[in-house]
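I've put the structures underneath this note.
What follows is a pair of complexes built around subunit A, which joins subunit B in one and subunit C in the other.
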Partner chain A sequence: MAHEQFEPKIVGFLCRWCSYTGADLAGTSRMQYPASLSAIRVMCSGRVDPTFVVKALADGADGVLIAGCHPGDCHYLEGNYKAMRRYPLLMNLLDQFGIERERVRLEWISASEGEQFAEVVKDMTEELRALGPLDWDGRKAALSEAI
Partner chain B sequence: MLSLTIDGKAVEVDEGATILEAAEKLGIKIPTLCHHKALTPWGGCRVCVVELEFSWGSQIQAACTYPAQEGLVVKTDSERVLRTRKVMVELLLARCPEAEAIKALAREMGIEESRFPKKNEDCILCGLCYRVCQERMGVGAINFVNRGTQKAIATPYDKHSQICIACGACQSVCPMDCVDLSKVTTHTLRPIPSEFDEGLSSRSSIYVPFAQAVPNTPVIDKDTCVRLQTGGCGACEAFCEANAIDFDQKDVVEEVDVGTIIVATGFELFNPGEVARYGYGRLDNVITALEFERLCHASGPTGGKLLKKDGTPPKAVAILHCIGSRDENYQKYCSRVCCMYSLKFAHLAKEKTGAEVYNFYIDMRAFGKGYEEFYKRVLSEGVHFIRGKAAEVTDVVESAEEEGKLIVVGEDTLLGLTRRIPVDMVILSTGIRAAKGADETTRVFSLNCTEDAFFLEKHPKLAPVDTGSDGIFLAGACQGPKDIPDTVAQGAAAAAGALSLIDSGKVVMEPITSEINEELCAGCQLCISTCPYTAIEFDEEKKISVVIEELCKGCGTCAAGCPSGAARQKNFEDVQILAEIEGVLT
Partner chain C sequence: MVDLAEDILKVVEAVDIALWPVALDFKLKDVQAWEPGEVTVAFINGAVRLSEQLEWVKLLREKCPVVIAFGSCAHLGGIPGLGNYVTREQILANKYHNSVTVDNPEGTLPQPEASQNGYDLELPAFFKDVKPLDAVIDVDYYLPGCPPPPDLIFQAVEAILKGELPPKGSVIAPEKSLCESCRLNETKPETLSIKEFKRVATSTPDPDECFLAQGYICMGPATRSGCGERCINGNMPCRGCFGPTPEAMDMGAKMLSTLGSLGEADTEEESQALADSAADLVGTLYRFSLPVSLLQRRYVEEEVTQ
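== the complex of A and B ==
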């Protein structure tokens, strides 16, 4: 092939009760979706520290997905609300780094929503493909030069 | 206490009791027409006459009004009493020759014909209707008017009453069944539909929900009970010999501390009214499965006879499988129990009426013990099976032989033809769906559920009755459609699970609770404000936060929010997750 298509890498933080089970359902139902997402299981979306997201992007991820239970349905009652509160601060941080907001997504996926999980991964993969690789090191170098 | 003698037997009663009440105590039956336990005695019909023996002779008196006296001697079946009573009944029979209650009384007394000239009234002027309206309901919308031969029960000036509360009490106490409420009020009387009989029969405000109810005691429906709504009536109290009725009871919310919970909140059925083309609610004799069950049951509204709305048995019955089930537009899943109950209905309909029975099915799901054999049996009974989900039920006829019938239209896929089958009754085999409010229940117990709102088990094979929340188990149709043997087995499994937790004397905790490093903690208390379980407390002496491990559920929110990294979730520590991130990306 003359031109190799860019395959985005997504790190997904999935909560054990809803979104991880939903992703598992997508798998057992043999739903087809791009193999771009690597799942990291946490007990609750409220466990996700914004530093994890930054670390993932710095280590080579082109995008990060945080997925939890639907509001009101959190297994730990309010954990997903904490994730919801941290998200705008995270967006603010990304703006300061000059990273496109579309690269970090917060989604609510329940244990029975295997199809929705597959759709989110498909959609995010295409969006990131259009945006191109994050190239953290390249951007860091460009910034240092500018300074 | 007074003592008197009735028919040679001695009895003691309280002051103020009547001879009728004294006779009742002895178990001696005296016929009455105008007497009611909850109303003051009237003495109008004169059927309850008895003979009182005195030293100077004897006297005929009405037992229902005459007060018991010390030393009274009463005869209830002497020759004089029977002669007098006969005349009373003959007079009543002459006034109302068509009344069933009078005819029955006459038959009992051996009266064939009345010797008095006949009239054709239906009211016997017993006064029960006006007495219940005035004394019990406290309304007094009707009363006696005119005198002598013109005496009748009516409203003032024969106009519609402004005060009638349309309770129907007058109609229910009338022994002649002759109260025409349309003359009394412009309100329409609405019978209270019996929930257990699926609205096919009515019930009173005080009722036992069904014969096998546990506890098997009556309840009072406070929305329709006149006593609780207006302070009137209370007639039930007069009948209760155990004095067990307490109108002052209030709803009580009880809090019970438990260690395990089994959620068995059941199901509800699909409402076929959602599918207009089956005609449910619009066409007569299109009924749901549960309504058919009540019709067939000996304790149901028809005493177990299978009858159409007009009271005649059907000559042809259609049973439509998969209503609301296996359907992209309603419920995608198979409801599991309907094929078997549809076969049961086919068998019952055939047995009770000998009618032609047509089952419209997609697949025959006879998965259990003896189920396939039962299907074969029903086939051999001459029930017709048409493979194709019925498309519609209509009363629009296309030929003379379809006149007056319900036509079921469906494709017979085995024959490759569209068929129109004229029947008298259509039974819709509706599917099981999650109970109303199931999604709220999930929030109370932190349960997961499927997209159809059935509760999710921890694992279909390894933990089919457990849920994600420790100590909470599932049983029955709330977890998914299933029949009785499966429900009972699940119930036993859930009980065993619950018992093993209770019996063991110790709780096994997952090692994912949080811990706070004393040295790193700055005492900001951010973790305490974010913990959903108030599982972190502040140590005032050391000025640091401490996790109460027994309460911690292991969500990790504290660890994510801790500014100094003092709070860590065991097995989900920052270093571990950061290492995972590195691992997946390099």
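== the complex of A and C ==
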């Protein structure tokens, strides 16, 4: 039986104006990077409700990427600042839940930064591969009564 | 029910109470003897963590056409739900070994079965985690609150007596958030901006200004209205005992979103400092609702001791 390498699953919330466009550039430029990320386009990184991140992790994602415009460049002026303020709160919360910090990232990726997007996905994939699957269902089950 | 005070007499007039462990002397065997449907409604309070509790609630579900989860514990897991922040093993170790006042040199732990002086003794099993009522039986309605306020209880009892119950699965409380009925709502500024979270443990809120505007984590925006703001009127920010409004899939994450939005921080360092000023996010944001949250419990890697 061939050794099956763990392929991490990443959910990516990418802002429509900068990051999704940057990701698209990576694609049209035929940059090679792991197919581990499922992209979800949102209008702004400020739209990303922490509930989305928590749900993705609870439902089987091994990692979540939130990507938005660089501070100062937000199409809606302030939206990415909301993402920036929510992120450390979310990280502190996930610490308490016993979810490794490496699993959730906030990155600023502009529309022209296709290469950076590919690098982030490559880097995050390898980090998650080393960390192993989150398998939140499994972690829960170990500490829950099966009734 | 005891909070109903004199109104309890109106209830007793209209109904027969067939089981009320805290006030009347009916036993398990009495309940086992009921015909299904003989007793119309069961109000069940408490979360489920013992096998005995599981046995009782399954029995009541079997016998009663209507089951109402009564109070935060049955509805959301409640304060005992914070037991999901640790493991069963940690709880037992703390209670029977490590706690300062424990003197237990033989390391005795409660056992489900034991023999003493020729008697065979049984204790309920202590589950690995805390569950809300609807995780173990089908629940028809929820009366939220810690505790549910008398007028809401009376509303529910009246609805049953008149046969005017809402759709199955309803929470018997308004759908609006607490802020809508809070008397401090009018003191909210146009823009709330929180530089640092304040704690009631270390400072006293101004009773005449919106607590959230002052920097205290008040769960009002994420919590159902209907309690009469008893805590607010006692100069305590809302702790969220009524549970989330219908659209919030996860009460804590939703409130976290709000706190982030209201934060005043223009750099990553300032954002981190703001986040670090909140002492215990799980305990504050999921104080009553940890078992029904999306993640349900904390994960701790346990040492396998056997």
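What we mean here is this: the second predicted complex is superposed on the first by the 142 of 147 C-alpha atoms of A that agree within 3 Å, B and C clash if a C-alpha of one lies under 4 Å from a C-alpha of the other, contacts with A are read in each partner's own complex, and residues count from 1 in each chain.
One rule holds in what follows: contacts are C-beta pairs under 8 Å (C-beta built on N, C-alpha and C of every residue); 3 or more make two chains touch, one makes a residue touch a chain.
On a predicted model such as this, the values are computed, not experimentally measured, just so you know.
Judged by the touch definition given at the top, the superposed model places A:K82 against both subunit B and subunit C. By the document's definition of touching, neither partner reaches A:I66: not subunit B, not subunit C. By the touch criterion defined above, A:L93 lies against subunit C but remains apart from subunit B after alignment on the C-alpha atoms of chain A. Applying the stated contact rule after C-alpha superposition, one finds that A:D49 touches each of subunit B and subunit C. Of the two partner chains placed around the shared chain by superposition, subunit C is the only one that A:K140 touches, whereas subunit B remains out of contact. Of the two partner chains placed by the overlay, neither subunit B nor subunit C lies in contact with A:M124. Comparing the two interfaces of subunit A, the one with subunit B and the one with subunit C have residues 49, 51, 55, 82, 86 in common. Remark: subunit A residues 9, 11, 17-18, 21, 38, 40, 42-44, 46-49, 51-52, 55-56, 59-61, 72-73, 75-79, 82, 86, 110-113 touch subunit B in the complex. On the side of subunit C, the complex with subunit A involves touching residues 54, 85, 87-88, 127-129, 131, 135-136, 248-250, 252-254, 256-257, 259-261, 263, 265-266, 268, 271-272, 274-276, 278, 280-282, 285, 293-302.
Those residues of subunit A that touch subunit C in the complex are listed here as 49-51, 53-55, 57-58, 81-82, 84-93, 96-99, 136, 139-140, 142-145, 147.
Taken in their complex, subunit B has these residues touching subunit A: 442-443, 446, 448-451, 456, 468-469, 512, 530, 532-533, 553-557, 559-561, 569, 572, 574, 577-578, 580-582, 584-586.
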